[in-house]
Amino acid sequence: MKEDEADDSQKGINKASKGGIIYGDYLQLDKVVKAQVLQSELKGNKIHDEHLFIVTHQAYELWFKQILWELDSVREIFISGHVRDERNMLKVNTRIHRIVMIFRLLVDQFSVLETMTALDFYDFREYLSPASGFQSLQFRLLENKIGVPDNLRVPYNRRHYRDNFKEHESEMLLSSEKEPCLLKLVEKWLERTPGLEGDGFNFWKKLEANIFEGVCLEKKKIVKMPDSEEKEEMMEELTKQKELFTSLFDIKRHEHLLSKGERRISYKALQGALMIYFYREEPRFQVPFQLLSNLMDIDTLMTKWRYNHVCMVHRMIGSKAGTGGSSGYHYLRSTVSDRYKVFVDLFNLATFLIPRHWVPKLDPSEHTFLFTAEYCDSSYCSSEDSD
Amino acid sequence: MKEDEADDSQKGINKASKGGIIYGDYLQLDKVVKAQVLQSELKGNKIHDEHLFIVTHQAYELWFKQILWELDSVREIFISGHVRDERNMLKVNTRIHRIVMIFRLLVDQFSVLETMTALDFYDFREYLSPASGFQSLQFRLLENKIGVPDNLRVPYNRRHYRDNFKEHESEMLLSSEKEPCLLKLVEKWLERTPGLEGDGFNFWKKLEANIFEGVCLEKKKIVKMPDSEEKEEMMEELTKQKELFTSLFDIKRHEHLLSKGERRISYKALQGALMIYFYREEPRFQVPFQLLSNLMDIDTLMTKWRYNHVCMVHRMIGSKAGTGGSSGYHYLRSTVSDRYKVFVDLFNLATFLIPRHWVPKLDPSEHTFLFTAEYCDSSYCSSEDSD
Amino acid sequence: MKEDEADDSQKGINKASKGGIIYGDYLQLDKVVKAQVLQSELKGNKIHDEHLFIVTHQAYELWFKQILWELDSVREIFISGHVRDERNMLKVNTRIHRIVMIFRLLVDQFSVLETMTALDFYDFREYLSPASGFQSLQFRLLENKIGVPDNLRVPYNRRHYRDNFKEHESEMLLSSEKEPCLLKLVEKWLERTPGLEGDGFNFWKKLEANIFEGVCLEKKKIVKMPDSEEKEEMMEELTKQKELFTSLFDIKRHEHLLSKGERRISYKALQGALMIYFYREEPRFQVPFQLLSNLMDIDTLMTKWRYNHVCMVHRMIGSKAGTGGSSGYHYLRSTVSDRYKVFVDLFNLATFLIPRHWVPKLDPSEHTFLFTAEYCDSSYCSSEDSD
Amino acid sequence: MKEDEADDSQKGINKASKGGIIYGDYLQLDKVVKAQVLQSELKGNKIHDEHLFIVTHQAYELWFKQILWELDSVREIFISGHVRDERNMLKVNTRIHRIVMIFRLLVDQFSVLETMTALDFYDFREYLSPASGFQSLQFRLLENKIGVPDNLRVPYNRRHYRDNFKEHESEMLLSSEKEPCLLKLVEKWLERTPGLEGDGFNFWKKLEANIFEGVCLEKKKIVKMPDSEEKEEMMEELTKQKELFTSLFDIKRHEHLLSKGERRISYKALQGALMIYFYREEPRFQVPFQLLSNLMDIDTLMTKWRYNHVCMVHRMIGSKAGTGGSSGYHYLRSTVSDRYKVFVDLFNLATFLIPRHWVPKLDPSEHTFLFTAEYCDSSYCSSEDSD
């Protein structure tokens, strides 16, 4: 090519770019929108709909990448201790909320793939074998980093989930299991909730006292009522409630539930979460409360995503095995259970709500601590992103 | 690496793949999820949110690729004449509907990018200059292939839109302008609507007769009414209606509106569309009617996409210039207009609806032709995808 | 009120209405937006969020009413036999599709109620007892009219579901169980699929022959291969496939599955559905095929609605009993199962797909019948709505 | 009815209700789901789709009621001064966010009404005249209470908007115009942003100093560069930027823009908003910052709602007049403009962003004030809802 031709070939873009970067190069579109190779075409029987199948999955993986990006940054803030500077709570919350919004999109995204019928899929699914969504490295990393524990995973084709991956991927997975997951980081953070200190406000002890006093008063009221079916029922109800609360303050039971995987966070963390629940309107707890809500949103949306996935698979392949040889539909159904809900404790705390007047009152000085955060001079806020 | 080590490194995956293809390779994830390079990081000031910006735009481009894939395949069916085999209508409709579903997702997708505030964006936008969404080749191709005409485009930075692209891209754009766009192909197809033939059912002449007979009867009824304000108003209304219908049957006015860009399809095609509207319940017209609805959906969603884009830009940069130096917000606003509605005629036909009993009756033999399609032995259906 | 005052009080509106109807009266807004009475307020402790709770449920009920309206009209078209006039298929399909779109909205609608936290709900939930969503008459009618059978319902509080309703409601429910449900009507319609006739095209026999010929050829190919692990696996796979197809043509097995509730439609109807699947591109089957897709959409969306409901309940009340005394969360979870999927057979047909070249060929004359519908002079189309 | 029959008729429900309230009565479903009267049916020509039209509009009105409920409660918190107790910020934010979520749903809700075609609508629209969505009292109240000012409204049929309403409705509208709207309340709240005090931190003066120092340094850097096209452009750009910032600190220009309706909040409030933007990560400003974001969300969604409405109207009636005699499409289009964006100033502040190091530093003592809120003993928090 002669020099002036080269100049010519860049004519348009030079006017536009003035030496800076242009859109297509910035986004590396030569990679992204040229990575659609149809197996059916390679095998001499090009099937139109395979393109949709590829693009949809690539879009999922792009978003998984983004979720991992947010998740890693949030975990880093927790791990580094920067979360103690409350200025970082906005960042944490915004990023967790972003994950929520992405999952919301991913749930909706099934509606696009559902424009492909089972019959269209049948035309090319044989070419994909044994590739399977189960082999999505990013999704497994995501689960590990949020906090799906290895021992609660449903077995897949009677093989450990890591054995479906290449060696270096398997190592990444193993290492992600060993790093502190979001659940564990949030647990540590909850354990530090101000107000839990035994030699300070001592929330848990005050709460226990208030609750049993409340239950006791309630009982007295009922006892005074004339005998009736209603009275009996109320008494029965109260007894059940009392048992429930007794169980809440029974640390041994907590340890037992932990060991069975029915609870996931420490007893202290549970107390912190309940404290944030009850005092959520205190300025210092407003953003932490939002964080807990957002964490439940992630759980809920991941579980909805799983369920939408199940629905689509049922439609595409009936109850037969998936492309990777898995039992497909039935395997996926089994993952839509509370075993895979990481923050299940936050949901279950709804079982232990109490009337507002049972909540221990903050006296003025106690109240204050909720309003104040120590001054923190770290230059972290502005520098975090550039490290 | 020694040979047995190589074996080892593939250990996991060999069990899974049995020599077939695996998920990550199939989707070329080494390209797709490794194409996120932050300009801010390159320039020594890594900004967390730039990653979201990149991923979001890549996801848009992925879906644009899919839309082009569907659009090209539909255009090919029309161009090749295969659309005359009515078996292909399901395919056409399904694919157009898929584009609708993708656009629906793309409209929702803004909610993810909107988790980034103007302040977060400000931190890295200087690094992007002069890259701009205006430089999205695929989006311009999309517009051209659907049928946004060059002469109705809003000028951008006082420069022809193609001059913002690299030479070979500019050529692709020019060539896409010359290929038959969806609008023109649909126009040709509408012109062939059975029932329009002057020596056959002659829908247009029958319709004209019925309408003016109907208007005439209406007038007689009103004339007989005692004088009142209401009577006057009804008469006024009827006069307006008559003028409206007169304009419908005025081919010169149609040509005039065409020349101004206020109508986009031929007079004959307009007749075909109205015929499909009125006889939409006839088995032969049910799927064509759905197609027209889907085409309006695309238009509506593209325009909603543009509008959501405008809203986001307003939020991100206020009313200042965009990253590419465009007047940003104001340019984009100007594209949210009926000039960019390709199938605007289909919407405006709603102006010419009439009572069901004015619609020309099909007599039994005429009725039949709507039920019958000639037998077509082409092996097209099964082979189209594999050519 | 003096006469001129009355005139005055209508001043504005007279100018607007000119004696016709006005917006608020048309919509009976005096009823609709004045029907929000907070129990908490009645009981002297007005809780802000109860208003949201009421409005959300009223919105659900409004939409259930609309779904019933569409469902009843579709059932009426089937019952009256008008479905045999193929012109009515557009109507049927449009209305079923509308139900799909409504359910899609209803699934999203949970995001609004989810802005209420468990703690906000706790503040007023005691006042609601024992009202419970389980008592939604319209939802139960909806289930019955679509085709959830009484004997597959999960028991609720160990009591028959109808026993939770007032006498006349219970009667409405009983009567809705006795009327032909959508499932049964679709079944009858599928049984009449042209091409099933034993003395005609005889689809089922041709299909059986083709499939076993196909399997046989496949077997021969495999037998010729040199011995290998792969060969063994392929043979195993083929054997499984053969068993699967053998089961498809085994009417006794079908009857057995029917009796267990694992299949829901007759053997003939199943054949019709598969025929529509395979010949979906034939003009006459395009709209029927869309109908089957829409029916699956309804099922999928109802099940997603149920699942979203479960998620919300988990969040609101943990795993304790619901407001109506039900076991809440656990009861609801049990309804998110294939037992409640009415058109489960349509999904499971995906298990019996075959390569395109195994599908029996239509010869020209057979082909024709798919293109032709008898002329039907009923004035039904235009009069249906006005009866 | 004999007594035992009465007992019988309540049989089912007695078991369920045990004397409490039941679902249908609680929700007043006898009103809500019995308020669908088809005008077409009254006029002897029942049109199926009118039911959808009614239900959709009723659902809109239900949600408008809920939005008004939230809006009034938020305005009340501001008016009563309770907002000064920062504990109420969570409440304010949650409720504003709820309005956002409702509007999100309402935008999606059009997809249901869009299942009705222009042709279906034509069949009954004559019966509705002159009822028109323009007559929605609640929507006008909503606009007034958020802060759409009377003088910026687009005229409709050359008549004042209140003249389309009944006398008592017109009075409600007038009174809603006189009450403090959300915009004005937020303005007052922004004016009190801590840090604006001239004798304290004096944010505005510090900001002005920093910005012009920054611009000056920038200029020096450019001046030192060797002459080039790039240098010229950078200098031009800097000059523009300087003008922009000069305008920001020009109170007279602000007053001028205010008088033209291009700005809507006071100069002091603008300063407060910018302060919250820049210090959003300070614990005390995190929730206020979220509030500003949510307010922009409301604006954006209302404008999207308007735009979706426009799209639907275009589809339903083309460019002819609406059912109420308005110029329909064109009127509605004119309301999709920045004139109707209430919080337009918050968007336009994006024009005035600056590099992080230009933002005035908080010194430790100044920092502290952002962490502290005075103790507030009001029992408001717990009693607000029950007043």
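Chains here go by letter, A, B, C and D, matching the order in which they are written, and residues are numbered from 1 within each.
Quick note on the criterion: a contact is a pair of C-beta atoms (placed from the backbone, for glycine too) under 8 Å apart; a residue touches a chain by one contact, two chains touch by 3 or more.
This is a predicted model, so every value here is computed, not measured.
**Q** List every chain that touches both chain B and chain D.
**A** Expected: A, C.
**Q** Taking each chain's centre as the mean of its C-alpha atoms, give the chain farthest from chain C.
**A** It is D whose centre lies farthest from that of chain C.
**Q** In angstrom, rounded to a whole number, how far apart do the mean CA points of chain B and chain C lie?
**A** Whole-Å distance between the two chain centres: 30.
**Q** Measure off the straight-line distance from the CA centroid of chain C to the CA centroid of chain D, and report it in whole Å.
**A** Taking the mean C-alpha position of each chain, the two centres sit 37 Å apart.
**Q** Where in chain C do residues touch at least two different other chains?
**A** Where chain C meets two or more other chains at a single residue, that happens at 18, 123, 280, 356.
**Q** Which bits of chain D are touching chain C when the two form their complex?
**A** Within the complex, chain D touches chain C at residues 8-13, 15-18, 20-29, 31-37, 39, 44-48, 51-52, 54-55, 57-59, 61-66, 69, 73, 94, 97-98, 101-102, 104-105, 108-109, 111-112, 115, 123, 128-138, 159, 162-170, 324, 384-387.
**Q** Provide the residue numbers of chain B that touch chain C in the complex, in ascending order.
**A** Touching chain C: residues 18, 86-91, 93, 230, 280-284, 286-287, 289, 356, 364, 367-368, 371-373, 375, 377, 381-382 of chain B.
**Q** Please give the residue numbers of chain A that touch chain C in the complex, ascending.
**A** Residue positions touching the partner: 117-119, 122-123, 244, 277-278, 280, 293, 296, 300, 303-304, 307-308, 311, 314-320, 336, 347-353, 356.
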